[in-house]
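You will see two complexes here that share chain A, one where it goes with chain B and one where it goes with chain C.
So, the complex of A and B:
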């Protein structure tokens, strides 16, 4: 099994640096949870890695999978499960035909009905004949998973794949996705906790286009080193805690165009910020559990 | 799908009935007395009374409507006052000519519109794309009568600018085509621009959207992704294309008048200026029926392409 390695990935769109020198590794057979707020650049990062950004985006850096450019093996060795199955499935083609099309183009054998069954679809024969709009949200998500994993990819990239589902359904979808190497993009840091410790799980926290903290899930969740990660974890709802009582990180993340040119992008919102945080940009430091913070 | 078609056809029937009611009521409301127009102001009261009875004008209005409807259904639309020929005969020839012109203009509009729209979407923000966008906007904005007159001025001596009398006359296909070129361009320009702009917007939205991104993520080759995108642009193109076809069949009155094309538009224009009410009445009816018919066809085509519409 191969893992996905992203090195020094930088994406500039319209003169604005949206993703800035990102290094990430999805462990073979394990999970990388990429956490960040909307606008942090996490979705752009995975799209750039898969070569899905259009001409308007300038991408530097590399994303390799088993020694080859990740963009060349997408659909075959890397499957993408998008956030919204309503827009990711072709509304004019039957679900089964969409799976068969993928199989045909990658010259892989396979039966769409069996693949739907593998994705946890009850009554897969009916779903194969159905158009996407005839399915419920949960079924549509499973159908999309069947399309994305039709060629039995070694790695699945899931962008907020569980965000729109109720907790039970999200649990079942996660169980399906963790059969392979998984890059899970989410704004919900709690997902990493719910994945459990059955296999190697890495958490990377993204803020303003950079990775601010990265390390084994257990370490990051129990002993976060970056103030932003601590803020995210503290703001996680828990049973018994009323909504108003949750500590909130003051301010809001900077838009890609208005990120500070020097210093730490989080410094303006950080209670621990010192002079150095405004002057010099912190670089990731530490062994397997790395954080980019002066404090 | 079959039940959808059946339902649409059944729904079209009340629409058509409503159309006949409106046409009949409009003619009743139009000022002017058909008896005076037929007999002249100097007619004797006896002659007037006799004609009123013969035309059924002393019957109650609902009965008059039913009689008129019965005749219309059997293809009897009365006799032209000005030309003393059956209206059906006059309109059948005119409708044939209009359909030829509409088909030519529509073919031009679809071919040109799709090409301009696809090029505009393929090169957004760059010179070829901007030129195509500008051409589409110009085509939509150009007033039809002005375009027609400019075409006439440019083509004098090279292409016939009028003189078409009967599309089915023994002039042969070459003669028909030569006469068809200018009016087809004049009538097709606005629909072409509208189709171009619709195609441009639909394709650009699709190419920058989630569906195309996901199709590419599936590792499908570029031409397959494009085929999906084009397929998904069809429903919105059918909507605008159907409207334009209906509008062309209605008879581009300006174009037919400028190029003296003997279509429904010309016939209606002539009948209106001569107060030839039976022809006006029947002409409006034919146009309205065509409009309903084209809409029905578009709805069925739409359902054939898009499963979401069939429900």
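So, the complex of A and C:
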């Protein structure tokens, strides 16, 4: 099994730098969880890595899978579960027929109904006969997962694959996806916790187009180093926190066009910010558990 | 406060043409000023129950009494004034807001629909934007120009505009990252303290439901399997 290595990836769309010097590694046979809030650049990162951005996007940097350009082996060795199930499925064709076409395209055998069952779809025969609009969001998401895993790719890139799912369904989907190398994109930092420690799991935290922290899941979750990661983890509802008193990160993330040219993009929201944070951009430092923070 | 619950659903049944029974005898009550959670696997019927309560789906059997009045058989003309007191925050704020209206226009639209006068509307919109933590500048933006969390605040402001007694929230925070989610949960709790609004809060996230709700109903295969547990 191979891993995916993304090096110094930068994406500029319409003159605006949306993703800025991203380094990420999906361990071979392991999981990389890419966490960040809406608009931080997670989807653009994975779409750029797989060569899926249109001509309007200027991409520099590399993404390699087993030594070759990741874009060239997408669909064959790399399966993609896109973020928006409504647009990723053809609205005019039955779900089963769409899975069958993927199987034909890659000349692999397999039964669409069995693949749906494997993705945790209850009553898979009915779902195979259904059109996408007849399914709930959670069922559509699992149908997409069935499509992406149909040819048993070595690596799956799943963008928000569990967001619309209840805990039971999410667990079944994660069990299916973690049979191979996995890049899991999510806005919910709690997903990393649900993966357990059975295999190598790395968490990377994205903020304003950059990776601000990256390290082994257990380390990042139990001893987060970056103030933004700490804020995200503290905001999770936990027993004992009185209603209405969840700790929040003040303010909001900057739009790509309004990110500061110098210094740390998190500074306006950071309780620890000092002068240097406004002047110099913090670079990732610190061995296997890295954080980009001056403090 | 009277003993009559604000909302009382009795024996709701809904069967879809596909044969799926989304609600199979669902009964529950929501009292004034409380938050009742509704959890369950996807497809267990939560959203169907929400749509019946809101009068968007007609049940095959069962009754919904809001403040003592039966809703399911009420003609639309009579339902409208009640709808001002029974509002909705849906899952996807961007999709539920009219893309051509600014945030302020969306809120004003709901007020106009319930007979508010123009000069009262202006002041009320400003007050609501402030209550949900948005500026007048946000009010001038269209959904595409707002973040997911900001758009969800607009949806909440719109729902609270008519000073409802009950707001049904269907996965209202599920698509938000944890930091924005925490802001919205704090906002919902604060507004409840200020206005006494009750929530029927649908979510697949146990931690969120545990945090926000006074009681929790668990749905499975169209039935409420666990009677509402009081929070300790």
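FYI, the second predicted complex is superposed on the first by the 283 of 295 C-alpha atoms of A that agree within 3 Å, B and C clash if a C-alpha of one lies under 4 Å from a C-alpha of the other, contacts with A are read in each partner's own complex, and residues count from 1 in each chain.
The rule we apply is simple: contacts are C-beta pairs under 8 Å (C-beta built on N, C-alpha and C of every residue); 3 or more make two chains touch, one makes a residue touch a chain.
Bear in mind the structure is a predicted one, so any value in this text is a computation, not a measurement.
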Mind working out whether A:50 is in touch with chain B, chain C, both or neither, as first, second, both or neither? first
Mind working out whether A:92 is in touch with chain B, chain C, both or neither, as first, second, both or neither? first
Examine A:147 and indicate which partner it touches, taking first as chain B and second as chain C; both and neither are also allowed. first
Between chain B and chain C, which one contacts more residues of chain A in the superposed model? C
If you stack the two complexes on chain A, which partner ends up touching A:76: first (chain B), second (chain C), both, or neither? first
Just to be sure I read the superposition right, which of the two partners does A:166 touch: chain B = first, chain C = second, or both, or neither? second
With the two complexes superposed on chain A, say which partner A:63 touches: chain B (first), chain C (second), both, or neither. neither
Once the shared chain is lined up, is A:192 touching chain B (first), chain C (second), both, or neither of them? neither
Please identify the positions on chain A that touch both chain B and chain C, taking each partner from its own complex. 134
Chain A touches which residues of chain C in the complex? 18, 39-43, 47, 147-150, 174-183, 185-186, 189-190, 193, 204-208, 210-212
Help me check something: in the complex, which residues belonging to chain A touch chain B? 47, 50, 52, 54, 73-76, 79-80, 82, 84, 87-93, 101-102, 105-106, 131, 133-134, 147-148, 151
Residues of chain A touching chain C in the complex: 36-39, 122, 126, 134, 136-139, 163-169, 187-190, 231-233, 235-239, 241, 243-249, 252-253
Any idea which chain B residues touch chain A in the complex? 208-211, 213-221, 224, 228, 231-232, 305-308
